[in-house]
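Presented sequentially are two complexes of chain A, the first with chain B as partner and the second with chain C.
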Partner chain A sequence: MTSTVYSDKEFDNTGADPTARAPLILGDLDIQGVTDVVAGIPEQPRTSKAWWIAFGISVSLAGMFGLLTAHLIYTGTGVWGNNIPVGWAWPIVNFVFWVGIGHAGTLISAILFLLRQRWRTSINRFAEAMTVFAVICALIFPGIHVGRIWLAYWMFPVPNQMEMWPNFRSPLLWDVFAVGTYGLVSTLFWFFGMIPDLATLRDRATGCIRKAIYGALALGWNGSARHWHRYERTYLILAALATPLVLSVHSVVSFDFAVAVLPGWHTTIFPPYFVAGAIFSGFAMVITLAVPARIIFGLEKLITLRHLENMAKVILTTGSMVGYAYGMEFFIAWYSGNATEGFTFKNRAFGPYAWAYWIMVSCNVIAPQLFWFKKIRSTPWLMLIVCIFVNIGMWFERFVITVTSLSRDFLPSAWGYYSPTLVDIGMLIGSFGIFFTLFLLFLRFVPVVAMAEVKAIMPEAHIHKSSHGEEPAHHA
Partner chain B sequence: MHETTSTSVDLKPKDGGLLAQFKNPTALAAACEKVRDAGYKKWDAHSPFPIHGLDPSVGIRPTRLPWLIFGAGITGTSVAILLQWWTNAVNYTFSISGKPFFSLPANIPIAFELTVLFAALTAFFATLGRNGLPRLHHPLFNSERFLRATSDGFFIAISSDDPGYRPDSTRALLEAAGAEAVEHMEDDSQINAKLPRPLTIVLVTAFVLGFIPLGVIARARTNTSPKPRIHVVPDMDSQPMFKAQAAFSGFSGFADQRAMRQPVAGTVAMGDRHLDEHLTQGIVDGAFATTLPSEIPMTRSTLERGRQRFNIYCAPCHGEAGYGDGMVAQRAQALGSPKWVPPTNLHEPRLRSQPFGQMFNTITHGIRNMPAYGHAIPAKDRWAIAAYLGALQLSQNAPLSAVPQEQRAALK
Partner chain C sequence: MNVDKMHLLEESVTELPPPLGGRVKAIGFGVGILGLASASVLGYLQEDHYTRFSFSYLIAWAFFLSITLGALFFVTLQHVTRAGWSVVVRRLAEGLSSQALLMALLSLPLIVPLAMGNHALFSWADHGAVEADHMLHHKAPYLNVGFFIARCVVYFVAWILMARFFFKNSLRQDGSKDPALTLRSERGSAPLMFVYAITVTFAAIDFLMSLEPHWFSTIFGVYFFAGCLVSFFATLILTGLWLNSQGVLRGAIHVEHYHDLGKLLFAFNFFWGYIAFSQFMLIWYANIPEETFWYLTRQEGGWITVALLLIFGHFIIPFVGLISRHAKRRTKILAFWAIWLLAMHWVDLFYLAAPALASRLKDGALAAGTLPLGLLDVACFVGVGGMYLAFFAVTMQKKRLVPWGDPRLNESLNFENA
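Then we have the complex of A and B:
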């Protein structure tokens, strides 16, 4: 076992000295210790009061969302503030916002896996869960935005009595396939990675019901070396499949806009700009969720300050990319010499929605720059504040793109102004209720850290060919 | 499962093999090499996490799953391209701004998504399938000690099915390999192989009931029915609207009891702007016009046009010569229909003296049994018919003096 014992209090693993590799896991955790800490959360005999309060609020908001959806379906989309010219309003803004949130999960689980960033193992389960729940929230909005939602299946190529097929050259149909595939593959990836950990919970379960449920979900996993061999190879392939997938999904979402001819939408910068924005907002959401969760569930030794700092650095990078994209949009509007394009961007910054534009710029461009200061990117509560601002800013980014362009296009006689109704506002808040309901259930019943993966990067997990009783140092 | 005659044999668990626990991955790898070299085939190492470098010690050859997944990905690409080509370019063609029905660039996103989808689904299910999962029952799970295999225990399990398996010598091998503990596994799969009876009943019932909806669908697809389609959501089947002569139609109308709004005062319908009374109504200074309008010259081509239109619209009743003996009239007389009002003979003196404007008006609005032709024949054609009618009437009542001198002899 490890000879060096670090405590998270006395050891700062956020050092920047590249010659000294910082440990990924702090404290005196050994292999059994990791199991005890992580499996201990779903095994708590009593659920904490804080969890019940948070769950109560989330479920109420989710219930409100359900009632508002029923009202919407019964009455029609007129209960929203959507109008002509702004036919795509909050429902699409919320859709793009939630899909974007999901992207960090896949990035952490797939891209960082391919890049052998081992620090991902502590947060990937967590982030993937966030992906799955965010995609669920995202899929609801276009689903109910179609108006007659009982005909939503027309989006799929189902043989029907009208002998009609969907138009495969439409970006909206690409969206159906891209987001649908993304939701399914991220769920598979999440569940696949969880099978060994569910087996751990099964083997530690004492009650009959827990044994049956975790037993069924673990599919009879027994940790066989032959199974692990195939499992690891498949996990690698799934990561390699999910990596281009995550980049394609937000590119396709951006095509919804970029393929249209509307000024402010019709631009080739959209795919990379949307992907950067999605990763930016997703990482901000991971920090927003991880900072309170690691304290409430005592995961500071697994989700260390170093993990949070690494994510803050990703936010700083992608935030700068997003800021560059905002600037480049203005440059192209001027450089193209296109009068309508030029007007659209002047209108964004100084028109009737200038307030939204400047909220977006302050939250997305200015706020993340605070992460240049080490003090801010290594103090959890300061990071939390910055990340909440980033989340707000990224919602406003989608609002600015969708609403300002639609409300004032080529024809001044067709201009209008959009204001949300109470139903719009209730549904945005309600979608957070759905998200947090699912997330709290996840925290309570599922291993929130990938135990098997964390164990595999611990020094005692390796075979030491020439062992002379000497333990190697921790390495990352 | 074999059906055995003796139940007492059934109820006794078999020897499932030996389970040995090791201290850490290093000890496990060393022991695996010994077991491998001893020639065992049906055995496996078990650990709570993947141990890198263990595969050669166990003798695991690289899996061929990646090739299967690659094949599935290629299948996904092909399916996507074929689906898009067949649906949008063959079966149901969409013409959008004159763009080609099939163009690869527009089909790339979906081809890519289906490639990933097929490959990912195959990766997931093929891995489970090759691993023999889900398998909820296994001799390993009868061992209390083995519960630690998913937490911090490292094990080797040698199955009793292995041809080299001997309880004593195999145990000795495992102990010599450095096992901390060795124990027998119980194979009770013979005893627990059967599903519990209530579960069997539920599953069989569900399976049988599952065919009912399929049967109903199959019947509906092959039979016709006089009833309308079932609409799950009535959608636009019921629309509140004003129904003429209905006491209650579910629609109360506007506040003035009307079902539609009146047009703004002074509104003129399309094509109803009749500024030229002579041309459009045949009226000059409040009386029927006696001349053709200035747009209709009395020329041979006008009369030819009038004759052609007359023979189409008028001759069926009035006859080609205008004596009221057209095919329709002859047929009605032959049938002796009591309700038949015979068409007018156009050569009656009363009609011969009618001004052109009045003829035009009669063609436009109809008279007695004759329907209106204003909607069917454009105004200029109606004037041409009126002009031809004048010529037709003259042809049947002309004085001899109107006939050219050289042709009078032929008439005598």
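Then we have the complex of A and C:
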């Protein structure tokens, strides 16, 4: 592993020179160097103290989540703040929040792959991992919100003698399929992309247990041309199949709200608006994790400033799309001439939940606009701050949509004000514990950067083409 | 990494040959003037204060406007993303986007009568109707003649200046080969994308959604935008192929570019289907009368045929037809789907606009569910289309048809679908 102290100023590849493509892998890294840096992380003989501390905290929080879930199941959903009129509260907010986080991974691995964005290779692996873990966190919430959890399997259309079928007209059932499919395909995609890298770890392994485990996971990969050919064809097909999934999952999640006749929920822009918001929050989470990870593991030459800057631009774009949707909702609420719709939006901005609404607007619409400044989108710690705000804002967006509309609908006598209980708060924090536990395990045991894919965009991979006196460069 | 392939350009024709350009101009102007003249006569003969004419003309005008706006988005997007592959086709897109000026001129037959008190198209422009209808009264601060025209001015100024900005930079670069001009376009492109999004959204609301002023849909701007992109990619593919067939740009735009344009055509058609489905499904499912009436009129009589035509002809059949790599790389097959989708885009605009006509005519003049199709639609389409073609030829004459000085031109020539 390289131990040289690295400074971002030294290797600034964020320039905009139109005559040459900026390099994506920096410094003196060659093919062997990439392997050494990346494979070195899971091969460290001793786990660092920092990892143990972080893992300890995460596991404790995850454990708290487990205990609270037991409390919930034993006592009943009354331990949450959910009550009429707000029957859907934090559990669904957390569900939508986590599904949203899980959108960057597949966008990076599928859509950016089809768009030939080569910079994706440095970040796709851990964005995909993040996706899988976020989907796991997401699925827990509706899973434990069914009341009688021992009947949760009723959600599946089990062909059975019960003569009882799930309600196919309910978007909540569509969710089971949409998120389930997404989780399955994302996991498959993630694991499939990892096979050559797992084989590398197998080949470098010294102990026989390591060799056996990585060997089993590598599925007999031998690096032959035939294997590579099949691998690349399959990757392309998986990417094409996963692309519509990126759109469909959050569209279906948006249907949970938009098919209802509740003011503030029923509006036609919801599907693309939710998808944009999901990508927005997903990329914010990738930056939140990438900025510290690249420093802790010495990955600055692989995950360069340009990678971070590109992600910041995606956040600026999708954040503005979300802002567009907020604006359109407001305009049409007036234009429609529907009194309840108009009231709902005034109530959001100036009613009892105005504080939540303005947190949402500041974090989601205003904060990403800071990325217009080159200085902010090329200074990692500033990006980190903006992205944490985005994460907060996107949680509040779901809170605003769910709670404001339910707490004050058509009948003023049925209005109420929702407050969470300690169990609600504990479970939100606990879900972060689950997420980080899984993520830390991933960092410790699996190659965090797709080594094989990164090598394919390095100059060594195109040696036969650089015969015309141009400087070989790996292109953006 | 890129091999020098500039010789491909030096060996091929990169300008519109004057005789060819002259012929296009003559045909375009001839057909255009003939079409517009016969449309006015046919419109007059209807004796309905040009109501039928206005609808047919609006549909034809919106059709060519959407191509122009699709081109404007494409050019802006290529700069935002610093794209390399598309450089060889960008000049054609710049030329199409520059037709914003023509579209502004051609909007006069819609806007001038409105300013003079004719409310053939828009019921909200009718004072009597607004007085009698609470909803129109509520919307009057937005839907009124003065503000409508002011907005149109803003849209057209924005689009004309945007198109000019990118086109001028690109043309100046032909001579100077100065990379700083690329940088200038790139810097301008991101903020201009905001201007684009807002103007296109409200233009769609104004010209199409407000034909039925009671109806509303937050996704409508995105729906129109999706149609713009479908029609633009189809037009770009056909323009490129036609030029190639005339021996122009033969080495420059090659199968790899068509393959990518085909993918984008496929992708944006899919996107159109996704948006159309989202809008329909949510309104159908919630089943609120103030929204469903719009779809209900589009399921009566002949309109159900149009709706089914859109589902199958605009979405499902081309989805199957364009999905294979083979279809996108065989230029004849690709051209077939491009023409097909252009036709479907016209049907889509017809479906959006024409159902409002029945309520604008005298009672009983057009039975509910009857499709108002006729020679007038053909005349308007040919008229606007002819002018569009001729002005496009005027725009492109004596100019390089590829951005000759673009620093990424060679990258684009080298482009391969690996």
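Definition applied: the second predicted complex is superposed on the first by the 453 of 476 C-alpha atoms of A that agree within 3 Å, B and C clash if a C-alpha of one lies under 4 Å from a C-alpha of the other, contacts with A are read in each partner's own complex, and residues count from 1 in each chain.
One rule holds for everything that comes next: a contact is a pair of C-beta atoms (placed from the backbone, for glycine too) under 8 Å apart; a residue touches a chain by one contact, two chains touch by 3 or more.
Fair warning: this is a prediction, and the values are worked out from it, not measured in the lab.
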item: Touching partner for A:Phe168 - first (chain B), second (chain C), both, neither; value: first
item: Residue contacts on chain A - larger count, chain B or chain C; value: B
item: Which of chain B and chain C A:Ala258 touches, first, second, both or neither; value: second
item: Which superposed partner A:Thr267 touches (first chain B, second chain C, both, neither); value: second
item: Touching partner for A:Phe389 - first (chain B), second (chain C), both, neither; value: neither
item: Which superposed partner A:Trp80 touches (first chain B, second chain C, both, neither); value: neither
item: Those residues of chain A which chain B touches in one complex and chain C touches in the other; value: 244, 255, 462, 465
item: Sites on chain A touched by chain C in the complex; value: 16-19, 21, 116, 244, 247, 251, 255, 258-261, 266-272, 320, 324-325, 328-329, 332, 335-338, 372, 459, 462, 465-466, 468, 470, 472-473, 475-476
item: Chain B contact footprint on chain A (complex, rising order); value: 30-32, 35, 148, 150, 157, 163-169, 171, 173-174, 177-178, 180-181, 184-185, 188-189, 192, 196, 199-200, 202-204, 215-216, 219-234, 237-238, 241-242, 244-245, 248, 252, 255, 451-453, 455-456, 460-465, 467
item: In the complex, chain C residues that touch chain A; value: 1-4, 82, 84-85, 134-135, 138-139, 142, 179, 182-183, 186, 190, 194, 197-198, 201, 216-222, 270, 274-275, 278-279, 281-283, 285-288, 290, 407-408
item: Touching residues on chain B, where the partner in the complex is chain A; value: 24-26, 29, 32, 44-55, 58, 60, 62-63, 65-66, 69, 83-84, 87-88, 91-92, 94, 96, 99, 103, 106-107, 109-110, 112-114, 116-117, 119-121, 123-124, 126-128, 130-131, 133-138, 140-141, 146-152, 155, 232-233, 235
